[in-house]
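Shared between the two complexes below is chain A, which pairs with chain B and chain C, respectively.
Let's look at the complex of A and B:
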């Protein structure tokens, strides 16, 4: 504290008070007082620093989390290919060429022993044990190549096939010494190449980490979200309109209000228990046994459960949006003869829509990232084929992440992080959309 | 008939009804009156409502009842006599028959299921067509009834609006139904659990090992006290030790010190912490934080440090909770009248003295309510503890040891393969009921505190 800031004060009372209760003005220039001020200002600086530290550390944690995920997950989007020389005429496979144009081509090629032929080719090319270098699903790539161009069956050629998990890991410097030696040998032969693994977005779950993909889970998520939206949005908006615009103030509407506020705070796992008991449990009504109402593991059940979970979020957001529409709009509409229903559906609702949509998107984003309730209703199955409809067994992105995180194989670590990146991109897009809608359509009355 | 096709058909009939009634309303004999009471479109809505709603209601009821009816019909088939008496096996075989019946070129492993496939298919077709027929009949009947009523003097608008009001009321009743559904389903299953296990054993027992349950005395291995302790220790102690200082100091800094631009950017950034899915936190905790915590424990001299320590889960959970504490504290600090802050500053107090002696005491009820809500959030959090905490139920004060929580046990109990009636499965519902009641109480108390506090300054 510079001295000039502290005013020179009278150093003592000019006239002492008779009662002695009158205190002399404090002399701020004394050493003790200056020390005290320094202490107080030091405390102020420290306090401010703690505040800054809290904010920065929280943000740093977020950054650390995201960077870890991206650094790990980025590698999940790449793949190592081995150039496999394969001599089809010498493999001894008997394949009916005409069949390759029919839908039965897959069956015909599998029946002709393509898998073993590919393994044999690997063993010939890379020596005994060579089939360990390529992925178990490598023959599927060759199958697709044959289907695309059956004439390759007449020649000898090199086809890029996915490397096995050990080779893939060793290329990244993670494998054991033996695998690393193999990689060095293969690299010398120029047989290895790295590619951006677009298949990760098109494939489904598998036991082999190099062959897994996200599409099955993503499709399950989309189906589940569709059900959630179709249930939660209309019900949430209609109930918000009722509570905000028409509901009389009585014990019943109070009960509805309390229910909605409390539902918003109920842990998500409780909704999983609800879904399990109501949709999947067996009912005993009037001595008549109802089976499970809905099929287990299906997007329909997951969607319904999540709809119940995010409905309070939508109701609360919609009520705030409806409340923000000024009464003058309602009065004007009523004044020119609109009925109460027309007032709301023709005037209030369109004006409140941006706010309602923002709240809905935020609720949907929450549902998209939710895992626990879906685990309980059985959406944790091993799904190799993407679900075709709402009642097929399905899994969703967060559950897929959970399932992969449980896998022991080292290759799944980066696949898990890659799936997390996909999930975060979706969430970020949804939240970005919500913010955009809010900024674009927000009206200050 | 396919369910979706039926729904489309009913919707199509409704559309036709709407168009017909609207066209008729346009040609009403007005009988000298200048205006109709209702617009043509409202007459259309009235007819569409009567076409769609009864049929839809029937479809919903029928789709719930149909599987039961099909099952009854299949059980009357002579081949059903070979079915095992035990209900669980019988249901499995019936489900297999159903699968064979509904899929093309599928085969059953069990000969009985194979035999039952044909009757299942015919029963499904029989009841399916019956339902479709009745639904379409209802749609036509509703349309006919409504069409006879519309006329120049018919008040379609009032009828349609009454229907709309009923729809709105029903929508808002779903919230009550959900709450009731949660409470009753948890209570029902819990009561079944407490018939097998005394409630005192469950609430007061200190030994939890659901893997080995003594059939004669299941209560001995289903004492939930270690779970309650673990939940409290991870969610309300460790997580809060992280979340309260960080959340509170962040809120203070952002409301009192930060420049508007910093606040504008940092507030959403902190809120992103709440938007990250919990499964991502769980994975992060298991992959990065837990090994680091174990290494730390080893460097402190714990030779048998667990890689599923309470500390790892609690720390990450605390970080997740920061935005909750921070935004509640933010709101309640902002609600303190500016006059109090200005008065304190005018008296010569520094900003930090104003905050800690004036603002925080005045905002304390709101802050406490926020912390209660954060605790309720933390103890209901599932994925972090499922992925990073251990399943071993210990009563311990050592954060490096493993502890388990209620939510983790619910997931563990219900994701294993076991039948629906075993005490093991039902215990999950009893745990769920306990969790529900506790979070509800925390929430009610917090909301009440906030409400009373708001009234004090408004």
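Let's look at the complex of A and C:
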């Protein structure tokens, strides 16, 4: 090791430098030097301050979002129930008992006038106007109770049914004086109770805020995401591997690379228009009319459209992950006689998997939160039942949030926040999965 | 390293194997059934949406394993355009409309082979002008609204900034009116029911222009809403307007009467020509902003789509003055009109295009 590499301490002129002149030692105590040092420390402190400020600002926005959502939304998960005394034998409903075990039970009970019987029971129990205290869909609860145990038709029962929106709001101290007086009366009679609203997680959309649930939208999101993943992941990963490992480097592959990077930044609404034209459009070819390939509002169409949208993201992330695998791994594998495809699938892909999965899940999270393209392909719809399959009409979580925010009834405000909480939990679970997978498959060398 | 890699291979191979299987299953599913019996599909006005969804919900809750109708809220104009694109499983069966179908739209329907359509009036709605409870308690005439909101009142660009500029008896507070976008039937109704009569009252040339062959001068003078600030386009989300009014007591909002009714503890209706929007004044037509709400139904779909006729019959049972829809903010049509609409549904009577314009 040569001597010149060792740094010189500025203790004083001991020997001439290369040019033969003597370099004066730095005097750290002079005013100018002290000022310079102060400036440097100042810059350091300022940078730290701005960095901290930036982080605090984003944290504050996040905290604001979470706090408002949780503060509004937790009430969406609770429900006020009214204990409704109902005397089935006295209601005068004619119901064929044998039918209650068949799929026609709903029709039979609706046809027998159960809805009016329940309203009548409320009016008898709580006085005239009492039917306003219970939800319009309260009779569905009683229908389910009868189907579960037809023997209750022979006796008097007290069944907990959901309260109407006005009562529900008044219990929370929100609403008009009349409703509050009613609540006080009902509470005195011990007819009111509050529960965790498990139905919110099992039911679908409704026009009545106390009867709505998120399951329809959640299932729609799950189906849509499944289609998106099944299309975007294999196609994206295979394109990335081909481009990175096999494709020659020439003008054409450069063009493809630029196009993919551009596509990743294209606004999602354009993919919505593309999906509308390709999957739902009809066109004339050779004198034949080709109708729409797929039904409108279906999870399948939504999934395909979103797959088009996130494919570029997956290709880019996967290419970077494949590129990051050290060439020595490939050389070693080739050296012991592996074929190129064995190199890719036995060595490169497993090592690149953590990066690929992280990129994929980030893309999927983006697709999960996407509304604009789905509005165009008809997933902005009111659907009372959860989708039964990929081609059934469905809606997704963010669209459901959007629809509820537009509802007339004020009971939907907290339901909107509750739906946002469900969406955030879903996103958190997906990101958690990304971190788990990354840690599980990560290899260090 | 070696062990890790081998486990990785197995993992990846396994993943791809399963993916293939599921993808194959998904596509078989997709291929099979688009042409068989399908659910009822409704598109159109956001004003009619809460009523049609309420009927759809009852329709499903009645049991019998019916498929849930799909209701999309895309605005009257966009809804009628999609409705008129053709007949077949991919086109909607019913269009919700907060105004009458236009002749041009009917012609589009005919050009696309839609055939006969039924026009069913489900009730009445009012275009309500409202302000916050701590607002300035304005009392307006149609002429005031026209002079305040038109882009070119009396043929000159609108320079009015405060209500006093419009009418010396009004307070000098800035004109701020929050309303729906141009695709909305509610905005069309505001123009048709308030602005145009206001134009006729304010502008002596209006009637001559209206009769003229070239519609453009009349449209720019009487129908176009200003876009220089005082009219604030709040999108199709009426709750945003309600929130905006609560935050800004000097502003007015334009929306369907059901939103006013739902928020009556925070807002109150602004009287137009001395008539406040209430259930009674809209139902009997004395409120100037009262307008009919319609369903348009393809007759050729009635037999092809299971349950469509039942759905319409159910609708007729729910639009009474004490019915479920009135609880949701619909204003029931007069008895004679309801009877006529029910008859149209029962007899499947087609719309006579002669009366359209």
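The criterion applied here is as follows: the second predicted complex is superposed on the first by the 384 of 445 C-alpha atoms of A that agree within 3 Å, B and C clash if a C-alpha of one lies under 4 Å from a C-alpha of the other, contacts with A are read in each partner's own complex, and residues count from 1 in each chain.
In this text, a residue touches a chain if its C-beta (ideal position, glycine included) is under 8 Å from a C-beta of that chain, and two chains touch if they have at least 3 such contacts.
Please read these numbers as outputs of a predicted model, since none were measured by experiment.
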{"item": "Chain A as common anchor, with chain B and chain C clashing or fitting", "value": "clash"}
{"item": "Per-residue contact with chain A, leading partner among chain C and chain B", "value": "B"}
{"item": "Touched partner set for A:380, first chain B, second chain C, both or neither", "value": "both"}
{"item": "Which of chain B and chain C A:227 touches, first, second, both or neither", "value": "second"}
{"item": "Partner chain in contact with A:370 - chain B first, chain C second, else both or neither", "value": "first"}
{"item": "Touching partner for A:405 - first (chain B), second (chain C), both, neither", "value": "both"}
{"item": "Contacts of A:308 with chain B and chain C, given as first, second, both or neither", "value": "first"}
{"item": "Touching partner for A:322 - first (chain B), second (chain C), both, neither", "value": "neither"}
{"item": "Partner chain in contact with A:297 - chain B first, chain C second, else both or neither", "value": "second"}
{"item": "First, second, both or neither for A:274, with chain B first and chain C second", "value": "first"}
{"item": "First, second, both or neither for A:263, with chain B first and chain C second", "value": "first"}
{"item": "From 40-48, 94-102, 184-192 or 436-444, the chain B stretch with C-alpha clashes against chain C", "value": "94-102"}
{"item": "Contacts on chain A seen with chain B and repeated with chain C across the two complexes", "value": "234, 282, 291, 380, 405"}
{"item": "Interface residues, chain A side, partner chain C - complex", "value": "103-110, 136-137, 140, 176, 206-208, 226-227, 230-231, 233-234, 280, 282, 291-292, 294-297, 300, 345-347, 349-351, 353, 378, 380-385, 389-391, 393, 403, 405-410, 441, 443, 445"}
{"item": "Residues of chain B defined as touching chain A within the complex", "value": "64-65, 67-68, 71, 91, 157, 160-161, 164-165, 167-169, 171-176, 178-179, 181-182, 185-186, 188-189, 245-250, 252-254, 256-258, 266, 269-270, 272-273, 275-284, 286-288, 319, 322, 350-353, 355-356, 373, 376-377, 379-383, 386-387, 407, 410-411, 414-415, 420, 428-429, 432, 435-436, 439-440, 443-444, 447"}
{"item": "Interface residues, chain A side, partner chain B - complex", "value": "40-41, 43-44, 47-48, 50-55, 57-59, 61-62, 65, 68-69, 72, 234-236, 238-239, 241-243, 246-247, 255-256, 259-263, 265-271, 273-274, 276-278, 281-282, 288-291, 293, 308, 311-312, 315, 339-341, 365, 368-372, 375-376, 380, 398-399, 401-402, 405, 413, 416-417, 420, 423-424, 427, 431"}
{"item": "Chain A partner contacts - residues on chain C that touch it in the complex", "value": "1, 4-6, 8-9, 11-13, 16, 19, 22-23, 26, 29-30, 33-34, 38-39, 41, 46, 49-50, 53-54, 56-57, 60-65, 67-74, 88-90, 236-239, 258-259, 262-263, 265, 324, 327-329"}
